[in-house]
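Per-chain numbering from 1; labels A, B, C and D assigned in written order.
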């Protein structure tokens, strides 16, 4: 496994992109190599209600400037503290953590990256990586309604972006698994990150169509390095740590 | 006892006056009457190591603008948080608390207000109050060295200011009780606030010269309203609460 | 209209929010901040048969998420209470409950008998769990036999609602609860403070004059919740929950775990009007969850 | 030059800083963050005679100043440890101590016997205090008789340093400590986690799959300090202190209370290199106080 670091990141920018999502750009003195799908554990200070670090997936990486983007949903006091950081502030990270997605993939067919909610975050880094290696990337991103749609330009620069909204206010109506792209689906692999019910539905479709599928899980986590055994998920081989055996699992490993 | 309030104060200004003391000015929608020697319990937020409010004496009061000044020494995480407040921030206060100094005093003789360290804070409000009522006020303020001397203009506007420094770098050399003002001391009353050893020395001198003497104590405090009984001091009548029976005690009440 | 009323034995509370003994004085200390007629009850200071000076200063240590206290039952004795405090508190528009503490069986009984004669005191909370004095009752509260013995004696001397306050410094709190229930306690309240210690590394001295003290505040909430859960399953009498309740959400957690009412203690020091906010918050919660009565959530943890 | 070395029975530690079982994996998980050769020891995961899957997810609840866990001794069993883990950890330049857990006396003994054969494991920590599994040993750790029984059996099976990890969920931890000392334990370590509970008020469900779990973190430090103080006065064997140690100041407090060494647990989750900082900080403290040896502060609380 790649070496892990505990590093202070300096906030370069931190801006709201929707009512509840913000994008934080951090710069580092030196940046370790980060694989698509890996994450960081962020230290939260000055917040009596928060004790543990918060696992946040890596949204985008710019090795040339030693910068990392995090796309974060404000859900509680920990992410609220992160949202309040201003340019020049310092945030402490332990990273890169986790296995990451399988990036070795046939270029004969496109890949489909299916995301929902904050789960779209790691798909940008993954898509960029795959596209740079010559793979055709399609994103399929699900939102509740038009107003919830996150900024897509970075995704569009990497590949096709297909959208579903539950109310049909943008893109196709329904859940991601209702999208017409599935009609004659023929992908080298499907990658998915988002709410568990969404990923389970994606896995069901992938299985039906016999397409290899990887999902990235998000469990409550303490150490982030496989020591505390708190973040386990049930697999065909027993409990595995989402932080180190995952967060990415092949759907075949899971009793889904 | 006067009615107590729990009020949000808006920070108007907050500035360092020495390396470890800062002056915070708070403004309120309405300001209750505050007697000299009373204090406030300040809520400390966003500081995991701080649970309790911090008792801070009232340094100065401007009823015409509903403003209060607090002169605070940074000693730990609670006061560090207060030091970081900026204009526009809000601090929650429970106040006015405590009995305050006895302000009924003969105008035939001057009074001596003896302070050391952060204990000089309440003496400004007291001195101003007494001076406005026609009493001649003399301040005797002790510091370790010249660099520690707090801004004195406000005190000088109220009465004479005598200084001692332990190293003689300003004013008379030694402790407050070494000052020459004691040689032919003849005061209507002595008021003192500062480190306990200083106040005990002042009480000893006052007793010797048969001058009435009040001291303001500072004990670790939880509720501030006489309920928890944590901040007690030993008196001739048993344990008394510094927060409500005090913080001001006549030296005759204390087994000093 | 949401019904917040609960019954603890014969004691009717308009709402389940009371204040914990030793954190709210005799109520008067907080009258500028709360409306007594919106409170379920006030449990006044630990009262003993004789005047007690309490422990020496320092009595307070701040700890992560709470505090230690070592007050040691300072109070002027039950006769002083009857003569000087009762005439005021009997007029409060809320239940005034006296916390009865003692060092011996005889002291507990003697103090209880005097309180029994006070018309406007509808209940006592029997403190068999004070960790801060050599004979503060914790010895009674940490053994089933001793707890049963003191409750049996006090029960004989007391006609009204008898709540027994339990110590968390035990291996099996449910066992103690069953023992006091068997002797006729109408209710148990828990938890009293956990015995803790604070040290000043620089001076190499204990922070408290008594070396150890009683820990309270949000840091103890998980332990309190667990014990309320265990006790509520073990007994048939109502449970009064306390330990680190800072807001309405905390209070709801205690109700779900099985508490019929709650006491707010240390939180009064941080926000002197916290009781009012907790009452409002409980009402909001019930309304938001489309419930008509507090009773619909008591012990309703879905497991 | 400050002397940080301590002895726990026959076990020599270069410094008093060890990591607590279940919080540091097998060490490898933290090798990017620490230097093993600057640590007193690593106490590896709770190991049982057979493979254990542990409890269902969720196993974690965040609480004020700490966390609850309900891992339930997940491990692959002692044979897996010997075959797959031991070949790596035996080369670490620090003491590797195995935490031995069990459900029955026979399991404890069988597991211990296997560890006894491992040359490079100089000590075991006998876990009679896991609150998270039905038979996780806490039953052994909450009664003097049962604790004595298991220690007696394990002592016969084990030649090297035997540290017994005590449960704080008891009325009198000193009594348990004395009982295990009498059976030949070389040391006691305390405290294991306190049994707590967390509830989600909105869903009305417990946060943990097991309803209750073990509390750790700075919120338990005052209780841990108090218990170390009580136990250190009660026994003549060295005490290993743990419970909420986040920094060197906390560690110093435990030494003053009577601990000869300490374990750092939950703090590893917040700062994976915290052990290095604590070692540095202890050294700084001793130097600043003009002391030559750690032994000069152990148990030296001025009371």
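A few remarks follow.
Just so it is clear, a contact is a pair of C-beta atoms (placed from the backbone, for glycine too) under 8 Å apart; a residue touches a chain by one contact, two chains touch by 3 or more.
Values in this document were obtained by computation on a predicted structure and should not be read as measured data.
Graph distance from subunit B to subunit D, where chains that touch are one step apart, equals 2.
Ranked by separation of Cα centres from subunit B, the top chain is A. One inter-chain figure worth recording: subunit A and subunit B are separated by 56 Å, centre to centre, where each centre is the mean of the chain's CA atoms. Taking the mean of the C-alpha atoms as each chain's centre, subunit B and subunit C sit 36 Å apart. Centre to centre, using the average C-alpha position, subunit C and subunit D are separated by 34 Å.
Annotation for subunit D: residues touching 2 or more other chains are 63-66.
Each of residues 48 in subunit A touches at least two other chains.
Chain contacts in this assembly form a single closed ring in which each chain touches exactly two others. Pairs of chains meeting the touch criterion are A-B, A-D, B-C, C-D. The residues of subunit D lying in touch with subunit C in their complex are 61, 63-66, 68, 142-143, 169-172, 194-199, 201, 203-206, 211-212, 215, 218-223, 225-226, 229, 244, 249, 252-253, 256-257, 285, 297, 300-303. Touching subunit A in their complex are the following residues of subunit B: 46-48. Those residues of subunit B whose C-beta lies close enough to touch subunit C in the complex are 3-6, 43, 48-53, 94, 219-234, 238-239, 244. Touching subunit A in their complex are the following residues of subunit D: 22-25, 29-30, 32-33, 53-54, 56-60, 62-67, 69, 71, 74, 217, 266, 268-273.
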